[in-house]
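Down below are the structures I want you to see.
Look for chain A in each of the two complexes below; its partner is chain B in the first and chain C in the second.
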Partner chain A sequence: MTSLQVWRTFEPDSYYKTFLEHSKRPDGRGLSNFRPINIKVGTVTTAEGSATVRLGHTTVMCGIKAEIATPTLRHPDEGFIVPNVELYPCCSPMFKAGPPGEKAIGLSQFLKNVITSAEVLLPSDLCIAPNKFAWCLYCDVVCLNYDGNLYDASLIALMAALQNVLLPEVSYDEESEKATVSPERTLPLKLKRRPVSSTFTMYSDSIQLVDPTAEDEEQGSGEVTVVLLEDGSLCTIHKPGGHSIVSDFLDKFINLARKRVKLVNSAICKALAERKV
Partner chain B sequence: MSGQVLCAVKMAPFSAPVRLPPQPDTRQQEMSRQLKDALESVIVLEKFPKSQIDVYVTVIEDDGSLLGACITAAGLALCHANIDVYDLVVGASVLFRGDVLYLDPRREEEEVSDNNQLTIGMIPKHAGGQIALMVQRSGQVAPQCLSECLNAAVDLCNRLHSLAQKTLLVHLQETLAHSSSSSSSP
Partner chain C sequence: MAQHACELSFLSRSDGSALYSIGLNVALASVNGPGDVKVSNRLYNRSHLEVCYSPSTGHSMIRERALESIIMRTVEQAILVHLHPRTAINITIQEMQSDGLALSASVNAACMALLDAGIQMKTTFAAVTCCITPAGTVIIDPTEAEIQESVAEATFVFESSGEASVLTAHQDGRLSYEDFKKCLHQCQVASRDVFAFYRRMTEKKYQNEAES
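The block that comes next holds the complex of A and B.
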């Protein structure tokens, strides 16, 4: 063990603070630098749509399975989108086997909120025959390696996977009340919006870090997630407790996030284009 | 008290043609149990007194020979984690239908009825080759047939073992090259 590793193990707080004093982070990034994004779509053949996203060492995989279900009585012409996040013990010692923990449930709910509030996909587009059949999209996000900033990684993976979905064409015969699936004819989903999230960790009143690693999250006190749409308008701000922030900083975050929206969406487009070639 | 092994095989909901519910089903529990049995006989448990080794396997996509792949992955991960094992454990699966032998079957081949599947986990370089796990499932099989299957599976394991060994060696060389270059630069 080198002396640097000893310092990191025994005095993690002072080790970390020294980096921040020089406006750097232990992985060499500045405080407002994002990690490189790596996206691959169509990675799982058993899913209707899938994507793998890497943000630095954080690796998440999203697979979308489509099933035909019956619409609810309240909304007879709407399909379902069910995001679900699975954090297996494989990805970090933080997570234990068994029923989903707080973090996984919170993340699933966050994804659900973003999808519905941003109107990514109209539930009525998923309807096959009112009162009879509708598509149910199960969007399962699996974390393969956890190194912070799951919010951004899962939303990017979800959006990339949604754009990769090909649903078989279904024709409904009203007389026999039967639906026929024709797997040879497939259609992509009609996505209306492309939200992108950016996460910041609050360390102190004056120090905030973008795109936190697991170490940043551990040292900091709470995260803020800002979700913007592709035209730069604000969709969601998610701040589950933590250190308080001044509104000026929030403005700064939103400006940083605005630049990231274009970057992320073009990265997804590039990955989709690579897949088609 | 020697060490204990905890194994959990988790299949991602999108890994099968029909979506799997997030709760573990009997198949996952069965595989976890079989993997545990295999690893317990491979790890030098006397070297880990009063401790537990957790092995978690995540299945991203199932395209047949799943248990064999899980064993090979777990074996490689144990070696990567520097845990003492008697030998690198590898798993392989063969399928027998009629007179045809399918090495390393795909999912479609497995799903066809009236076939026999034999999955073994073995440590080919320990004491002249030892089998750590042998599972025969779905259907009946004649003893002569089974020995033929076994020979084919052992042969497959031997080939897999040399490949796995090579992979570890390449990884080690890369890590060494990386650490020597990073320690010399600053």
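The block that comes next holds the complex of A and C.
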């Protein structure tokens, strides 16, 4: 063990603090630098749409399976989008086997909130025949390797996978009340908006870190996630407790996040184009 | 703003409790602790915090688990957890009646119950919910019907100390940046009334205790 490793093991707080005093992080990034994003779409061939996203060491996979279901009585002309996040113990010792933990539930709710708030796609577009048939999209997000910032990684994976979805055409015959699926003709989803999230960790009153790693999250106290749309409007802001911030800092976060929207969306477009070639 | 009302020490057996209502939203919070902790939850440097939220109808599902997590992360920042290592503090919230403001009613109920239990906190906190109509008007403490009609709804939890910084933020629906600022500002102003209300309630409680 080198003396640096000894320092890190025995005094993790002072080790980390020394980096911040020099406006650096242990992985070499500055405080407001994002990690490189690596996106591949169509990684699960058995799913209707899928994507694998790497954000530094954080690896997240999203697969979308489509099933035909019956619409609810309350909304007879609407389909369903069901995001679900699974965090297995293999991605980090933080997570335990068994029923989904607090983090997984929080993340699933967050994704659901973003889809409905941003109106990513209209539930009515998923309807095949009112009261009879509608598509139900099960969006399963699995974390393969956890190194912080699951919010951003899973939203990028979900959005890339949604843009990769090809649904078979379904024709509905009113007389026999039967639906016929033609798997050879497929159609992409009509996405209306493409939200992008940016997460910040609060370390102290004056120090905030963008795109936190697992170490940053452990050392910091709480995260803020800002989700923006392409036109710059605020889709949602998610801050479940944690270190309090004054509203000036929120402005700073939103400005930093604005720059990221184009960057992420063009990375997704590039990945989709690569797939088509 | 809707009418706020609160009754402290509503339950006789818990260490602290509060029945809090904002308009037609009523939440009952009970606090027990610092007390015994399960071995698996025993932390050597701080007290373990547990929040349990039960809805007025039906079973606790994903929505309730998400609410629990938000409330827990908020309360965690306010309580001085390091003062009681190897103990647990339990907060149980029962939704009695809901008209769209379940989150703010339960956060405020939790704060009052913690004050009632005498748990050391570095600050009190207050939640304010607002919604914005398609015409751009901000409504503080909206009703369920007003939320359904609105374009977006946001809940903020503020600290009482310092410059009323934001502890928790939660938003449903799209907002332009300017509208967001407007909502945040109006909620911040409204939170001062809530803190003034907290003060009146606690003053009343200690006055009664001094007299009896």
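We take it that the second predicted complex is superposed on the first by the 277 of 277 C-alpha atoms of A that agree within 3 Å, B and C clash if a C-alpha of one lies under 4 Å from a C-alpha of the other, contacts with A are read in each partner's own complex, and residues count from 1 in each chain.
Going forward, a residue touches a chain if its C-beta (ideal position, glycine included) is under 8 Å from a C-beta of that chain, and two chains touch if they have at least 3 such contacts.
Because the structure is a prediction, the values reported are computed rather than measured.
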Overlay on chain A: chain C relative to chain B, clash or fit: fit
Once both complexes are placed on the shared chain, angle at chain A toward chain B and chain C, C-alpha, multiple of 10 degrees: 120
First (chain B), second (chain C), both or neither touched by A:Glu217: neither
Contacts of A:Ser233 with chain B and chain C, given as first, second, both or neither: second
Which superposed partner A:Thr46 touches (first chain B, second chain C, both, neither): first
Touching partner for A:Leu144 - first (chain B), second (chain C), both, neither: first
Partner chain in contact with A:Ala97 - chain B first, chain C second, else both or neither: first
Chain B versus chain C as contact partner of A:Asp152, first or second or both or neither: neither
Chain A residues touched by each partner, larger count belonging to chain B or chain C: C
Minimum C-alpha spacing, chains overlaid - chain B and chain C, in Å: 15
Chain C-contacting residues of chain A that also contact chain B: none
For the chain C and chain A complex, residues of the former touching the latter: 62-63, 65-66, 68-70, 72-77, 152, 154, 157, 159, 163, 165-177, 180-181, 184-185, 188
Residues of chain A defined as touching chain B within the complex: 44-47, 50, 61, 63-65, 67, 84, 86, 88-90, 97, 100, 138, 140, 142, 144
Contacting residues of chain A [partner chain C, same complex]: 102, 105-106, 108-109, 113, 116-119, 221-222, 224, 229, 232-247, 250, 254
Complex interface listing, chain B residues touching chain A: 8, 10, 12-17, 19, 22, 54, 56-58, 60-63
